[in-house]
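One chain, chain A, appears in both complexes that follow, with chain B as partner in the first and chain C in the second.
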Partner chain A sequence: MKHHFIDRFSYEKGFLQNLSSSFKFLILILFLFLFLLLPKKILFYLPFIFIILILTFISKIPLKYFLKRILIIFPFLLIIFLLSILSNKNFQNFLYSLLKSILSISYILLFSFTTKMDDFFKIFENKKYGKIIFLIFSFLYRYFFILYDEFERIKRAMISKGKNPNFKEYTILSGNIFVKSYERSERILKAMISKGWKIEK
Partner chain B sequence: MHIPDGFLDFKVVSGTNLFSFLTLIYSIKRILKKLKPERVPLLGISSAFIFLIEAISFPVPYGTSVHLSGIFLISLILGPFSSFFLSFFVLFLSSIILGHGGILTIGANSFNISFIGGIFCFYFYKFLEKILPKIKYLLIFFVSFLSVLLGSIFCTLFLSISGKILFSKAILPMTISHAVAGIIEGIFTILIIKFFERVKPEILKIEKI
Partner chain C sequence: MENRKVKIEIINLKFSYEDKKDVLKNINLKIYENEIVSIIGENGCGKTTLLLCIGGLLKYEGKVLIDGEEFNEKLRRKIGFLFENPDDSIFMPRVYDDVIFGPKNFGIKGNYDEIVKKSLEKVNLTGFEERIPHHLSYGEKKRVALASILSYEPEIFLLDEPTLALSPIARKNFIELIKKIKGTKVIATHDLDLAYSISERIIVLNDGKIEKEILTFI
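Coming up: the complex of A and B.
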């Protein structure tokens, strides 16, 4: 199965790709806090829209792909919009929250597009409790795609045997994936030990 | 529901983040104290499993689909604090790489999903199990259902404190829509537990942290 890895643009030679992950993450958090506190005047938002367009361009991220990825947030926004209408809340209030939300997601996605995930996880490695966080992130990011492939393979096998998976089959499939993960974790442990990983606290 | 950035105000963001980060630190301390190092790969791969469960959409009647959280299930397998810890990072990573939820709203989202589903529901289930040991599967269903429903109630509460919606008007549609997901989550959890009991019972005997 072909995966579109999230960090594929991080290998381009662009402006944001050359900055360190920890610096970018710090700036991202600062920007998100700034959006949280922005007053409800459109003039305050325009510079940030301008900055994101410039950053997208100089970091060589295709604008069409970028905009398409931002659309992922819209189902959530629709739910809040409907609840807001039901609540007879100020529509202008909702629009500014929407703007803040779209700006936040744009900057988050720009960060993830231009950062190699392995480099990002290393931010945590030398911090207090960082070792276990780094390990979990590394497992999570690497094995998600492997488990997803496994899920797709079992599902394909089910369909090819004439069994279109319903809810019950999906559940058994998920259970199977966990059992395989459990067995895989034992193999991984042996592989880690054989490569010199020490069992220590 | 994962609350995106931009919809919660400063007081809710700071309050929920403070609570979640303190719970996270406590969970990490407890895990580091009790976890056998040979269980590290299982913990890591379980986080990938939670991510997978959240990424899969199950078809439900009337042409719609729903995704599950699996947090209560993981707490039954690995324990409440492991479940909170893993779920917190799954939420964090899904907000970074997929744009589901937000970074500053991680406190609120991890409270609704990880704390309620992982810690609160685990202890609530253990409490109910002591009183009513004969109806184990019914309790698993009920608590799974409750984990989704309580999450939606707190989500509505946080949005209403931030002034985005009115709690009294939004609570009914929010709980009704999440009740469907809760029922599916409940059935899913029972079926998976029964599957483990039949196929690999040692999974349910893992030390719970």
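Coming up: the complex of A and C.
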């Protein structure tokens, strides 16, 4: 099965792809903090939007694809909007929350699109307790797509037998995926042990 | 064959899963050094279980002797296990890390870059070091899995369905690769063509017992 991998543009030769992962990560964190502190004046936001457009262009990320991915955030923004109404705050608050969220998600997406996941995990590898984080995330990233494949395969099998999955079927499907992923983890453990890996490590 | 050194000796091997189903019932078998043995049989007859027992990955009743020694952790380096599904065998973020996983764990000293390069060359995947395993095709994943065991140079290869789900060309190439590898090989397979073309001896398993042994005169 073919996926749109998170780091699908990281193999392109663009501006962001050429920067080191740790440097990009540091800048990303700084920017995220900066967005939190930005005053509620539109002028402060415009340069960051401009930078996003420039970076998208020079890093060879298709703008349409990029904008589509930003839309993912909208269900969450709806919740923020409802909360802002409930807490009697004005529309301006919502607007600036929206802008901050869009800016944050845009920079996170730019980072993830242009950084090889392996390079990203390596930022943590040599830090204290980083090895565990490195292992957890690399396994998570590695197996998310395999589990997604299994999910799609079962879903297709259901559809081929005339059942378009609804909530009930998705519950069964999730249970099935859980059991399958457990069994898979056992097989992977066997493979690791066969190559000399020891649990106490 | 009797003149050759016994590499693997299985004595009264029994194995049952927790649901009490007896998968292996009193298996006795000798496999000689550098011999290629195929194990064939119906689905669920115990082929994979037998390989897992030889590889010391299941707890069983009876004895499995490797070079006359009962299985222990030190012997693990002598065994390379190629799992049926390559997605189970390769689990690291890069091909490089997968290939070097075994040598690192077994404490093999040497130039790791060189080990990876040589192992990938053997499976015709030169230059794949930086590739991400889950971006590869099924055939490439199978070859990476093979490279990941070749990297620590085991003496015994346990190959579980090595040609399963491969295209005819990929299958042919993979068989050629297996033929080139030096060592004792035990292959669990449904591929009778593979079994007859590559093995010196074929073991037919049925319901957890050895039903027949066939010499192929290779």
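Please note the rule applied: the second predicted complex is superposed on the first by the 183 of 201 C-alpha atoms of A that agree within 3 Å, B and C clash if a C-alpha of one lies under 4 Å from a C-alpha of the other, contacts with A are read in each partner's own complex, and residues count from 1 in each chain.
One rule holds for everything that comes next: a residue touches a chain if its C-beta (ideal position, glycine included) is under 8 Å from a C-beta of that chain, and two chains touch if they have at least 3 such contacts.
The structure presented is a predicted model; accordingly, all values stated were derived computationally and were not measured.
**Q** Per the contact definition in the header, classify A:L86: touching chain B only (first), chain C only (second), both, or neither.
**A** It touches chain B, and chain C stays clear.
**Q** Touching A:R184, do we find chain B (first), chain C (second), both, or neither?
**A** Touch status of A:R184: both partners.
**Q** Counting only touches as set out at the top, which of chain B and chain C does A:K195 meet: first, second, both, neither?
**A** After superposing on A, A:K195 lies in contact with chain C but is clear of chain B.
**Q** Mind telling me which of the two, chain B or chain C, contacts the most residues of chain A?
**A** B
**Q** Which partner chains sit in contact with A:S174 here, chain B, chain C, both or neither? Use first/second/both/neither.
**A** First partner only.
**Q** Considering only the touch criterion stated at the top, classify A:F57 as touching first (chain B), second (chain C), both, or neither.
**A** In the superposition, A:F57 contacts neither chain B nor chain C.
**Q** With both complexes overlaid on chain A, does A:F15 touch chain B (first), chain C (second), both or neither?
**A** Neither chain B nor chain C is touched by A:F15.
**Q** Of the two partner chains, chain B (first) and chain C (second), which one does A:M117 touch, if any: first, second, both, or neither?
**A** A:M117: touches chain B and chain C.
**Q** Quick one: classify A:F74 as touching chain B (first), chain C (second), both or neither.
**A** neither
**Q** Can A:I136 be said to touch chain B (first), chain C (second), both, or neither?
**A** Only chain B; A:I136 stays clear of chain C.
**Q** What part of chain A is shared between its chain B contacts and its chain C contacts?
**A** 117, 138-139, 141-143, 146, 184, 188, 192
**Q** Considering only the defined contacts, which chain A positions touch chain B in the complex?
**A** 6-7, 28-29, 32-33, 35-37, 69-70, 72-73, 76-77, 79-80, 82-84, 86-89, 93-94, 97-105, 108-109, 111-112, 117, 120, 129, 132-133, 135-144, 146-148, 151, 166-168, 170-172, 174-175, 177-179, 181-182, 184-186, 188-189, 192, 199-201
**Q** Residue numbers of chain C touching chain A in their complex, please.
**A** Counting only chain C, the residues touching chain A are 52, 55, 57, 76-77, 79-81, 83, 85, 87-89, 91-94, 101-102, 105-106, 132-135, 148-149, 152.
**Q** Which residues of chain B touch chain A in the complex?
**A** Result: residues 1-7, 9-10, 13, 25, 28-29, 31-32, 37-38, 40-49, 51-53, 55-56, 58-60, 70, 77, 85-86, 89-90, 93, 95-100, 102-104, 156, 159-160, 163-166, 169-170, 173-174, 184, 187-188, 191-192, 195-196, 199-200, 203 of chain B touch chain A.
**Q** Considering the complex alone, what residue numbers of chain A touch chain C?
**A** Chain A reaches chain C through residues 5, 116-118, 121, 138-139, 141-143, 145-146, 184, 187-188, 190-198.
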